[in-house]
Each structure stands twice: as structure tokens, then as C-alpha cells.
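Which chain is which? They are A, B and C, in the order written, and residues in each are numbered from 1.
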Amino acid sequence: MKRNFTQTLGFTFLFSSLALTLLVLFSIIYFIGVRGFRVLSWTFLTQAPRQAMTAGGVAPAIVGTFYLALIAILFSLPLALACAIYLCEYSPKGWVVNFIRVGINNLAGVPSVVFGLFGLAIFVKFLKFGVSMLSGGLTLGILVLPVIISAAQEALLAVPHSIREASLALGATQWQTIRRIVLPAALPGILTGIVLSIGRVVGETAPILFTAAAFYLRGFPKSVFSEVMALPYHIYALMTEGTHPKEQTGMAYGCSLVLLLLVLAISALAVFLRQRQRGRFHV
Amino acid sequence: MFDPVKIKAQHVDFFYGNQQALKDISMDIDVGRVTAIIGPSGCGKSTFIRLLNRMNDLVAHTVLRGHIYLEGQDIFSPAVDPVEIRRRVGMVFQKPNPFPKSIFENIAYGLEVNGYRDRDVIEERVVMSLKKAALWEEVKERLRDSALKLSGGQQQRLCIARCLAVAPEVLLFDEPCASLDPISTAKIEELILELKKDYTIAIVTHNMQQAARVSDRTAFFLLGELVEMGETQHIFTAPKDKRTEAYITGRFG
Amino acid sequence: MKERIYKTIFAILAFSSLVFLVGIVIILFKEGLPIFKKVGFFSFLFGRAWYPTHSPPEFGILPLILASAWVTVGAVLVCVPLGVGSALCLHELVSERQRAVLKPVIEILASIPSVVYGFFGMMIVTPFLQKVFHLPTGLCAFNASLVLGVMAVPTVCSLSEDALSFVPKSFREASYAVGADRWQTLTRVVLPAAGSGISTAIILGMSRAIGETMTVLMVAGGAAVIPHSFLEPVRPMTAAIAAEMGEAPMASDHYHALFAIALVLFFITFSFNIMAEFVSRRFRIKLGLSG
């Protein structure tokens, strides 16, 4: 009887922890959803802020976030792909691979605010890009480098060895094999990694605090060297700066909802893509 | 003078790390004939055949001693490009391994990487290879379908067709029927007998009946050594070595 | 030869990703070291007063380190039971089909940005704590711990579930075969077998929590004093960097001090990551997966 009692008690605990987790997470979405929805409107999505951040919309922040993500991916994708290809296809197994892998894992663990400082010292000051879209985008690019690398590596490793052999046995060179056989087969997995990293970039705030973000701009950024507004930073700024805390809070709810929907949609897409690929090669 | 020997292995030792997989193998593969390599699992027969087109280059930490000559040229000499060797010596693997592409593209790929550009020539050779591999009738209506939709036996014949398209001189079969049903196996064997007219063939198999059915000469490997080699008829009716006799009469393996 | 060139190009690009890691270390040292010359390594690390803008300024980061430690410990207390508990529940108690839905949902929830958690903490958790504990302000270490803890749950849960799913089925069958019930099998066979995998998840979760910036910046309260209770406002290291860098004049002592904090932070998270790497390697060897 005692055994059964322990089991029931234990399982109850496990159940309640899962239930509590889901409850808390969904209540966050619920609160922000309900209060943000009141603010949400076509104007909110398509216009710039007006009257000291108390009216208007967040369009420049949406556009800024989009640009930052674009720069980050354009910068990191080629590097990450090359790195993954080298690790999976070219390099002999051994200390070189291990060394790079441990390095990349550690890069993934560096706090985002430290990336921000690095971006400040290198891009803003040393390379004199100033506080700009370019500096912020590049900083974010370095931040997601390990994310894309590990997704691409996983995708490359999932390509069966047998079709590499088949290609080489036909007299293809290694580069032909990679470009014509391995990369196309790994493409969906790599795509998942890209989507995943876009989700990450869109939500990051700390790296752009001192490299790119502006609280308020009149219009859309004009060049890669101008400052940008970005959704996550805009939420933070609405809560901590400005002179009309009450009205700004409402705006912050709307802004949070937009960011939340954006990020959840992106990561849902990534998860969906990944589910669909499972077992693709089990012929 | 006509040299009947296509591939000549001389005193080949091969190691995976510290483990010796092949011990002092010397044997010839004759032009225009089918040479079968038989032996129990782990005897080194696959390892050996994979040396013949340098597929083992892809495995790390291996050491090779001795020489393998393809028409008198040492294929492991530093001056030789392994890619060139693989163009001349094609290989069909244990498990069918079509590319995740269409049937047509699977075959066209080999041609493209070997420098064919003319679409008409490529199409012509794709059709020819499919016919040679006795697959044409089954797939001619759906060349653009994914190769992964074919049955296992069809996939394997597609892999053979893919091989034939690049016009190799030698075909290596590494247990080509290991994952196929008896009917598909029979088709592949028929095909091998047909291909013998145009190619030099080496086939690794653990199925002795198969070796007896398709081959002209047979080599018996055991624990990394070449125990005996000779005309298939002789090996199966009057083996010289006791170990060969024990194996072919089914006493081990 | 053409192939050589390709290989070399890829090798160079692969190593250049590492350059960033090295670059970060170099920058942190270059910009952080000057403050050690001025204040001294130990009085920087263990100084009890952080008044970077007073005159004369004081640069002791003990309050910030302790704040980070408190908040992280608090977050771990929240996220480990919830995260590991949820993972066990997902692994053991729900049907295959429910898991096929819940696992992706939790993975999706893991992507909620930290600034949204911070915002939620400010708007919902803060007034709640204020009311319950009769605080002057609800922004405090406890608040940060709660929010940070909840934030880490999906990650810890998802990684732990992965570790659990790596445990071979045969272990479990063997346990049932000797008459153990499900709870015993779960706690004495499956959990220990997945133990180091789960530890890796927890270590990574902690490393994340220490380095997390926006949430603590928004809800920890920001007071740079040595904490005495969870209900006091604190200023963790990341919050100090984020809040003050904007005002610190370029190349001033304050600027260098903030980089030095980042250096300390870097080494803390670095050692956590190395630890996770080490533990997870042992895990893979233990289960006979590729080492």
C-alpha cells in the first residue's frame, strides 16, 4: 500500500509542475494578449509614435527590428554555413573539431549583454560605425552564429553517409558532392536553423542597447549608419524613459503583444519545419 | 600484347587504427570476367573491394601497405587523383543509396559531375543506362518522380544504372543484394550476367549460391587473409584448402 | 588543386567564427584591465561599495556579484523543480499523442523574449508582491528570481526531456521485470541514468540566468547594496552594465569598470559552460552514445 501511495504522491507532483508551468506561461500570454489587444489597431501597426510616445504606433520599431534581423542573418549565415560544412565534411575528426566545437558552444553561452559591449567596442568605436543599424545587426549576427552553426551541423549530420559515398563513387569531387548532394539534402534543416535564429534576433534587447537602438526617431531609418528603433528596446524604453508613464504603459502592452506574436509565430514555424523533417531519410 | 589482368593487388596490408583488417593479399581481377569474393562477416572482403576505388580514403586513421594496380598504374601513388580512379571503377553498395532527387537527376548527376554539359547527350545516356540496368520499362513514365519512391530492388537497379552512365571500366558490387528480396535478387543477378559482356566485375557476397551462379572466379577470404582463389567451378567442387571446404559446406560462417 | 582551395577557404571561415570568441575575451581584457590597475583586483572584486559616479568614486562589485548569485539561486529554486518535474511528467505520464503536442508547445514558449518577461514582471508580479508582502516597491530579488525562474523553465524542461528520451528502453524494462513499479523505475533507474544529462540542462539554465540582462534590469530593483533579504531591491552584474554603460563616459574609470564586470561575468558563464560540456560528455559515454 505504501508503495502505491508514494507513486500517487510523486505523480501528482509531476502533473502539477507541468500544469503550473503551462498555466504560468499561458497566463503571461493571456495578460499581454488581452491588454495589448485593446491598443492594437491598423494605426498602431503602420504609424510612427506621436505626442511624446503616448499615441500613434510602432511602425518604425517593426521596420527597425526587421532590418536588424536581416543584417544579422546576412552576416552570420555564410560564416555559419562555412563553419558547419568544414566541421562536418572536411575536417578530420580529432582535436581540431573538438576545439572549434567547444569554442562555439562557449560562444553560445556568452551573456547577451557582453555581446553588446563587444559590439560597442568593435563596431561602434573601433570601426567607427557609430550607434547604428549596422553595428547592432553585426552584433546580433555574432550572437546567433552558434545557433545557426549547430542547426546546420545537425542538418548535415542527418544526411546519410551512404549518399555521399554514392556521389564520390561516381567520380564526383568532394566539393561537387557537398554542393550538389549534401547541401540540397540538408537545406530544410538549415532553413529551420535560420528561422530559429531570426526568432532569437527579433527578441534580443541587451546587444542593441548601446550599439543600435534609439528611443524615438521621426521616421524610418535612412541608411545602415542610422540609429534604429526596435520592438524589444521600445518596450524597455516605454517602461523606463519618457514623461507619461501611464499612457506609455498602454503602448508598451501593444508593443509587447506585437513582439510576442511575431516571436511565437517565428518559432512555431521553426518547430513545425523541424517536426516535418524528422525521419525524412528513413527510406 | 593483351593483358588479361585488369586489377592487380600485391601484398596488400590494411589497418584500421591498430587493427589489421587485411593481411598480405595478392590477387588478380581478370578483364571481362566476374570475380566473386566470399567469406564470413568481418573477413575483410568489403574492406578489400573498397580499396579498389579508394573509397576507404574517407575513413580516418587507416594505413595501407602494398600496391594495387589498375592496368599497371598504382592507384595509391601520390600522383594519382582518387576522383579519376573512381570514374573508372564504379561501385554499387550494400544498401541502395539513391540521392533524394528524381530518377532522371540521379543518373544525370554522375554525367554532370564528369563534365557532360549537352542536355541531349545526357538524356540519351540516361535512357541507355536505364535500359542496360533493365529498369527502363518500369520507370519510363515517371522519370521526374523521386527515386526514393521506388522499391528496394528498383532503387538498387537505379544505382547500377547510375554507375553505368559514367561508363566505368570496372564495376564493384559490395553485397548488392544484402537488403533485397529473392525476386529482386534474381533480377540483379541476371543483370550482372548481362553486364559481364561489357565490364570487368567484382562482387562481394556472403551468399555462396550467388557466387556460384554469377561468377567465373572466386576468392575466399577468412580473417583478413586470402585463403584460396581460383575458377569458381573448382572452388566449389574441389577446394584445395580445408578451410574453404569447411566454409562452402556450411560448417561455419 | 581546386579541392585544396575549397578546403582551405572553409577552414579559414570556420576558424574565423572562433575569432569572435577570442575577440570578445581580448576586448574585455583590454577595456577591463585598466580598472584593476587603478583599484586593485581584490578590492574591485570584494569591495563592498559600488558608487561609480560619486567623487571620489568607489568600484567594489561585491554587491553586484552577490545580487547575481542571489537572483540565480532563487531562479534555480523555481526552475529546477518545475522544469525537471514537467520533463518527467512529459516523459512518463502523458500519452504519446499528448507529448507530440506539448513538447513543441513548450519549445515554442521557450522563445518568449526576455524583455516580455521583464515587462510582465513589472506590470503583474510587482504589484502583486507589493500587496502580499507590504513592500514599498515590488521590484526586488524575489521578483527577479520568480520571473527569471519561470523564464528558464521551458529550456530546462525541453533539454531534460531530451536527456530522458536518450535513456534506453531496456533499462526501464529490466526494472519492471524485477517487480519495480513505475515510480521506483522512474526515480531509481531512469532519473539516475539521465542524471548528468539533466545536470547539463540545469547548469546551462543557471548560466543563462546569470547572464540574463533585460529581466533583471527591469524587475530586480537596481539598488547596488549587499542584499540581506530576497525582498530587497538588488542590482545584478548584467543590470549594472546595461543600466550604466549609456552614461559612462568613453574610456573613463567607470567605462573600464563596466567592462571589468563583463570580464568577471564572462569567466563565470565560461566555467559553467565548460562544466556543462564536461558533464554532458560523461553522460554520452555512460549511455554508450558516441563520446
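To be clear about the criterion, a residue touches a chain if its C-beta (ideal position, glycine included) is under 8 Å from a C-beta of that chain, and two chains touch if they have at least 3 such contacts.
If you're wondering where the values come from, they're calculated on a predicted model, not measured in any experiment.
A.B. asks: For this structure, which two chains share the highest number of contact pairs?
C.D. replies: A-C
A.B. asks: In terms of Cα-based centroids, which chain occupies the most central position?
C.D. replies: The most central chain here turns out to be A.
A.B. asks: From chain C, which chain is the farthest off, judged by mean CA positions?
C.D. replies: Ranked by distance of C-alpha centres from chain C, the top chain is B.
A.B. asks: Just curious, how far off is chain C from chain B if you go by their C-alpha centres, in Å?
C.D. replies: Taking the average C-alpha coordinate of chain B and of chain C, the gap between them is 54 Å.
A.B. asks: Averaging only over C-alpha atoms, locate the centres of chain A and chain B and give their separation in whole Å.
C.D. replies: Once rounded, the distance between the two centres reads 48 Å.
A.B. asks: Can you check how far apart chain A and chain C are, centre to centre, with Cα atoms defining each centre and the answer in Å?
C.D. replies: One centre to the other, that is 17 Å.
A.B. asks: Would you mind listing the residues of chain A that make contact with two or more other chains?
C.D. replies: 173
A.B. asks: Any idea which chain B residues touch chain A in the complex?
C.D. replies: 53, 55, 58, 60, 83-84, 86-87, 90-91, 93, 95-101, 109-110, 112-114, 148, 155, 159, 162-163, 166
A.B. asks: What does chain A use to touch chain C in their complex?
C.D. replies: Residues in contact with chain C: 3-4, 6-7, 10-11, 13-18, 20-22, 24-25, 28-29, 31-32, 78-80, 82-83, 85-87, 89-91, 100, 102-118, 120-122, 125, 142, 145, 149, 173-175, 199-200, 202-206, 209-210, 232-233, 235-236, 239-240, 249, 252-253, 256, 259-260, 263-264, 266-268, 271-272, 275.
A.B. asks: Mind listing the chain C positions that touch chain A in their complex?
C.D. replies: Per the stated touch rule, the residues are 2-3, 6-7, 9-11, 13-18, 20-21, 23-24, 27-28, 30-31, 81-83, 85-86, 88-90, 92-94, 102, 104-120, 122-124, 150, 153-154, 157, 181-184, 186-187, 204, 207-208, 210-214, 217-218, 238, 241-242, 245-246, 250, 258-259, 262, 265-266, 269-270, 272-274, 276-277.
A.B. asks: Which positions of chain A touch chain B when the two form their complex?
C.D. replies: The touching residues are 92-94, 160, 162-173, 176, 180-181, 184-185, 280-281, 283.
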